[in-house]
Amino acid sequence: MRREIPLAITVFVGFLLIISVFFPPVETLGEDFSLSFDIIAVFAFFLGGGNLIRIHLKKLARRETDWMFSIVTLGGFILMLTAGLLKIGNPGDIATSVNTEGMLFESIYRSVFVPLGATMYALLAFFVASASYRAFRAKNREATILLVAAFIILMGSTPLGAMATSWMPESLSIFEIPNLAVWIMSYANLAGQRAIIIGIGLGVVSMSLRLILGVERSYLGKEG
Amino acid sequence: MDHFGIWLAAFLTLGIYSFLYRDNAWYKLSESIFIGISAGYWVVILFWDNFYAKFWLQRQDDPMLWVGAALGFLMLLRLIPKIGWIARWPLAFIDGATAGLWGMNFLASNIMVQTKATIMPLMGPAFSGSIGDLLSNLVLVGGTFCGLIYFFFSKEHKGAFGNAARVGIWTIMITFGAMFGYTVMSRMSLLIGRIDFLFRDWLGLLK
Amino acid sequence: MAVAIILGVLGIGLLWLFIGALKGREVDRRVIFVFILVAVAAPLLVNITFKFEPTPIVQAVFDEFESLPEGSTVLFSYDFDPAMAPEVQPMANVLTRHALERGHKIIFMCLFATGEGQFNVTDREVIQPEFPDRVNGVDWVNIGYKAGNEGVLNVIVTDFKKMFPTDVNGVPYDSIKIFDKIKSCKDLDLIVSIGGGRPGIKEWVLFVGDPGNVPIATGVAAVVAPQLYPYYPKQLIGLLGGVKGAAEYESHFKKVYPKYADMATPAIFMMGPQTIAHIVIMAFIVIGNLIFFLGRRKEGEEA
Amino acid sequence: MSLSQRKSFSVFPAIQFIIIIALTFVLSVNSFAQEATDDTTSVTSVIIAPPTNLLVEDFEYDDGEKLNLIWTPSIDDQPQVGKVTGYQVFRVTNDDVTTKIAELMPGANNFTDQELDKDSTYSYYVTAIANGAEASSVTTSPISPQREWVNFGLTNLFVIALIIGGAIFYFIEMGKRGKKLFVRKIAGLEAVDDAIGRATEMGRPILYIPGIHDMDDVQTLASLTILGRVAEQIADYDIKIRMPVARSLVMTAARETIKASYQAAGRPDAYSDDMVSYITDEQFGYVAAVDGIMVREKPATVFLLGAFFAESLILAETGNHVGAIQIAGTARPAQLPFFIAACDFTLIGEELFAASAYLSNEPKALGALKGQDVGKIIAAAAIIAGVLLETVIQLTDSESAATLLGYLRQAFTT
C-alpha cells in the first residue's frame, strides 16, 4: 500500500489534468492545482523553516566552525518573521501589504535585502569575464565556433567592430562586424534556439508521460 | 534611503565583493545576514499572500482550497516517523499534476508553435529577394532541422545522419556563443549600477 | 590626463599578461576581476568616452530626420517605464533634440501609462532648457496616455481627435495648432516609437505603419532588438538598439551639429565602461587562446 | 456558424430601422428636453445613430460562462468625421438588474462577457456615446450561455498529443516486453560514473543542486529522478552527498528520493535527513550560501541539474574554481551558454529529461526516448514539407500546394 496509493494518485491526477484541457467544464482544474500547490507550499515551509532553525541551533550547540554566523542567520530570520508577521510599524490595517513604506519589514527589505541581491547578481560581471577567458579556447571545432560567434557579437557591441571592418567595400557590407552580429542574432541564433525549444518540448512530454505511467518513481524507489 | 541605510548597504555590498578575493569573515557575515533575512522575507510573503489571502480569506467560498490544506497537512506527517510515509501522497499529487500540466503546455507552446513558426518561404514571390536572403533563410530552416537531428536518440551519429547532426551541434554552438556575447553588456550594466551606488550615494564622488 | 593614465595602466597590464601568455603562464582569475573592476569603475570616475560611427540601421534614422523638410510633423511615442529608461531615455532625448533642431513639429504620446513621467524627463532636460522659444501647442504638444494598447492605434490611424479630444493639459483638440493639418496618423511624416515592451514598436508597425503606410523608426532596449531586425528596412526605416545604438546617434548628432558639443550624452557616458570592459574580455580571450596554442605546440614538440 | 445561429438572436432589419428612427426621435426629444431644463447656454445637441445588428451568441467551447456580442458600429462612427467617442455595453439579468459591463473604443464591434451563470438569462444593449449624446441599440432577447462538454477547437492538439503520446506509450510497452532498444551515447551521462568515482577517490563530498524552482516545474522533477539514480550509486560508494535546496517542498521530495535510493541499494542505515538542507527561497541568498558551501567544503563533483536562472554562471564558475568536476543541465535556453562555458559536461535541454531514463538503462524508460524521436521526425518532416510548399507557392502560385499548406499549418495550430 505504501507504493500503490501514491502511484494511483499520480496516475489519476496526471491523466485528469491532461484530459481537462479538452473539456470546458473542467478546464480550470489547472488553476485549481496551482492554488492547491501554493497552499501546500505554505505547509511545507514548516518543514523547511524548521530545518533551517534546527541546522543552525545544532551548529550553535556543538560550537561547530563558524557557529557565530549561525547566530546572525537565526537573528535575521527571526527579526524578519516578527517584523513581517506582526506587521510592525504598519501605517494601515491588517489588509495593508507588508511592502508598504513605513513598515519595519519594508525598510529592512530595502536597505538589506535589495542591495545584497543586486550585489550578488552583479557578481556576474566578473564571472562572465573569467568564464570567457577560460572557456573560449579553440580546443576543437565546436569550441572554435562558439568562440568565433561570441567574439563577433562582443566586437559588434563596441565601436571596435565598426572600425575594424569599415574599410570593406559596399558589396561586402554584410561581412562588416556590426551587420554580421545582427545576422547571427537573427538567423543562426534563432535556428539553434528553435531546435533546442522543440527538443525541450518533446523531452517534457516524454518526462511527463513517464512520471504519470509510473516508469519514473524517484521517491518510491525501485519496484518490488 | 537614510544615512544609516546607505552605509549598511555599502558595507554589505563590499562584503559580498570581498568573496572575489577569497572566502572570509566579512563575506560570511554578509552571507549569513542575507540567508536569514531572505528566508524570513519569503516566509512572511508566503504567509500573507498564499495562506492568508488565498486560503484564509476565501476558505468558505472554495472547497478546492481544503484539498490543498489537507494535502499540506499530510505533508507535515513526515515529522512523525511511524506514519511519515503518508507525506508521499501530496508529493504524488504534485508530481502527477505538474506532469499533466506541463506535458500539455509544452506540446502546444514548444512543439507546435515553434514548428509552425519555422514554416516559411525561402524566397519571395517570383524569385524576388536577394541570394543573401535565400541563404539566410536556408540557414534558419536547415539549422533548425539539423539541430533536431542532433537531439535524435535512437540512431548513432554516423554517415550522412552524423553529418547533419554535426551541422546541428554547430548551429547550437553559434547560438550559445552569440547568446553569451550578447549577455555581456547587460551583466556589465549590473556592475556599473553597483559601482555607481558606491561612488554616488555612498562616497559622493559623482554628482 | 587621467584618461591617459587609466588607459595606459590597463594597456600595460594587458601587455604584461600578454607577454606572460607567450611564456605559457596562466592568468589567476583574480587578475581578471581586477581588470574588470578598473575597466568599469575608472571610466565612471574620469569620464572616458569613445567616438562611435553610426551603423547603417542607426544612420537611416538620422538621415530620415535630416531629409524631412522643415516644419514636418513627427510623432514620438514613449512606450516604456522607468525600468527601461536607462537604455531608452537617452534615445528619446537626443531624437527630440534633433527633431526640434531641424524645425520639425512633434506630437508626444505614450502607450505606457508611465510614459507620461518619462516625457517629463525629456521636457525638463531638453525642451525647456534648450528650446525655450518653442511654443507648446504650436511647435510641439503632449497628448499623453490613453488606455487601450493597440486599440488606441487602431483609432488614431484614421482619427486623432476621437482618441485624444484634448492634450494632457485639457486644451481641446481643435484649438491645438499642430492638429490643423494632422487629422490622423496618415498625415504624419514620421512616427518614432521608443520602448521595448508590449505594446510597443511591433504594434505600431502592425496597426499603423503597415495599414497607414507611414514611415516608422524606433529605439528599443538591446534585448528586443534582434527580434526587430527582420522588419528593417521594409517596415522600419531604422532602429536604435540599446545603449550602443543611442551612443552612435549621440555621437553622430554631435559631429553634424557642433554647437551641441557640450550636450549631455548619457549613452556615450554609459558606453565608456561597457566598451573598455568588452575590450578587456576580448583581450583575455585572445590571451587564453595564445596560452592554449603555445601550450599545444610545446606538447607537439616534446612528443 | 450553424452552432451559433441556433442559439443566437438577431433583430429583424425592418423592425430595426423603425426602432432606430424611433430611438433617434426619442433621443433628440430627450436632449431638447434637457436643454430646456438646463441653464447652460452653449450645449449644442449632437444626434448620432445607434449601433445596429446587435447579435449575442454563445461562446464556443466554454463551460457556460461566456457570451459573445457583435454589432455593427454606429454610422456616425467614421474616421475623422465621426462623432462617436466610444461605446458602452450594458447587461440586463433576468431579475431586471442593468449593469454597465464595458466601455469600448470607437470602432469597437464586439465584446465577450465572462463569468456568467449558465442557469440565468441575459439581455444586452450597446450604446454609442458622443459628446453630449448617446444612442442605444435595441435590447436583445434573453439568452443563456451554454456549456459544451468537449472542446472541439483543440482537435489538432488532441491529435498531435495522441500521436506523440501514443508513440512514447508504444515504445515503453515494447521495452517492457523486453525488446532491445538502441539509444546513442550521451557524453554528459557517460561521465556520471567517473564523476562519482572521482569523489570516492578524493574522499570529498558530492554537491547536488536541483535548480531554484519548486516542485511545480517539471525540470525539478526531472532533476529528482536523476538524483534517484545518482544517489543509488552514491550509496554503494559510501560518499557524502550534500544537497542544499531553495524550496521546502523540494527538500522533502529530495529526502524521500535519497532515502528510497539508499533503501534500494540496501543501505538504509547510511541515510540521514541532514544530506538535504533548506537554505532560503531567495534566488541570490541561496546562491550566496551555495558559493560558501563550495569554497568551504570543496566538493569533488557538482551536479547542477534543474531550472536555473541568472545564478547559473555564478554557481558554475565557483564550482570550477574549487576544482570540481561539473555536470550541468537545464531546459532554460538562456542559461545553457553559461553551463557550456563553465562546466565539464552539459545536458542540453532535451538531454536533461532523457537523463534518468538513460542512466536507468531500463528498456521501458529507454523506450520513451524512442517515442520522443517520433515527435522529432514529425516536427522535422513538417518543417521540410512546409518550407517546400511555401516556396513553391511563392514561385508558382500553385493552388493545390496552397491547399496542402493550409492543412499543414492548421495541423500545428493550437
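Labels A, B, C and D are assigned to the chains in the order they are written; within every chain, residues are numbered from 1.
By definition in this document, contacts are C-beta pairs under 8 Å (C-beta built on N, C-alpha and C of every residue); 3 or more make two chains touch, one makes a residue touch a chain.
These numbers come from a predicted model, not from an experiment.
A.B. asks: Please state, in steps, how far chain D lies from chain A along the shortest route of touching chains.
C.D. replies: 1
A.B. asks: If I rank C-D and A-B by number of C-beta contact pairs, which comes first?
C.D. replies: Comparing C-D with A-B, the pair joined by more C-beta contacts is A-B.
A.B. asks: Taking each chain's centre as the mean of its C-alpha atoms, which one ends up farthest from the centre of chain A?
C.D. replies: C
A.B. asks: Would you kindly tell me how far, in whole Å, the mean C-alpha position of chain D lies from that of chain C?
C.D. replies: 33
A.B. asks: Distance-wise, how many Å sit between the C-alpha centres of chain A and chain B, to the nearest whole number?
C.D. replies: Roughly 3 Å, centre to centre.
A.B. asks: When the centre of a chain is set as the mean of its C-alpha atoms, what distance in Å lies between chain B and chain D?
C.D. replies: The answer is 15 Å.
A.B. asks: Can you compute the centre-to-centre distance for chain B and chain C, using the mean CA position of each chain? Integer Å is fine.
C.D. replies: Averaging C-alpha atoms per chain gives centres 28 Å apart.
A.B. asks: Could you say which residues in chain C touch two or more other chains, in rising order?
C.D. replies: Touching at least two other chains: 29, 33, 36, 40, 226, 244, 274, 277-278, 281.
A.B. asks: Two or more other chains in contact with one residue: find those residues in chain B.
C.D. replies: Only 16, 19-20, 28, 30-31, 34-35, 37-39, 41, 46, 75, 78, 88, 91, 94-95, 97, 99, 102-104, 106-107, 109, 111, 114-115, 118, 141, 144-145, 148, 151, 172, 175-177, 179-180, 182-185, 188, 191 qualify.
A.B. asks: Mind pulling the chain A residues that touch 2 or more other chains?
C.D. replies: 18, 21, 37, 40-41, 44-47, 49, 52, 113, 116-117, 120-121, 123-126, 128, 130, 132, 134, 136, 146-147, 150-151, 154, 157, 185, 189, 193, 196-202, 204-205, 207-209, 211, 219-220
A.B. asks: Could you pull out which chain A residues touch chain D in their complex?
C.D. replies: Chain A reaches chain D through residues 18, 21-25, 27-28, 34, 37, 40-41, 44-49, 51-52, 55, 113, 116-117, 120-121, 123-124, 127-128, 130-132, 134-136, 146, 193, 196-211, 213, 215-222.
A.B. asks: Which of the residues in chain A come into contact with chain B in the complex?
C.D. replies: 2, 5-7, 9-18, 20-21, 30, 32-33, 35-47, 49, 52, 66, 69-70, 72-81, 83-85, 97-98, 105, 107-126, 128, 132, 141-143, 145-154, 156-157, 174, 183-185, 187-202, 204-205, 207-209, 211-212, 219-220
A.B. asks: Give every residue of chain C touching chain A within the complex, in rising order.
C.D. replies: Those residues of chain C that touch chain A are 27, 29, 32-33, 35-37, 40, 50-53, 55-57, 225-227, 229-230, 244, 271, 274-275, 277-282, 284-285, 287-289, 292-293.
A.B. asks: What residues on chain B touch chain A, complex-wise?
C.D. replies: Its residues touching chain A are 1, 4-5, 8-10, 12-13, 16-17, 19-20, 28-41, 43-48, 50-51, 54-55, 62, 64-65, 67-69, 71-73, 75-76, 78-79, 85, 88-97, 99-104, 106-107, 109-111, 114-115, 117-118, 132, 136-137, 139-148, 150-151, 168-185, 187-188, 190-191, 193-194, 197.
A.B. asks: Of all residues in chain D, which touch chain C in the complex?
C.D. replies: Residue list for chain D touching chain C: 79-80, 82, 84-85, 105-108, 131, 321.
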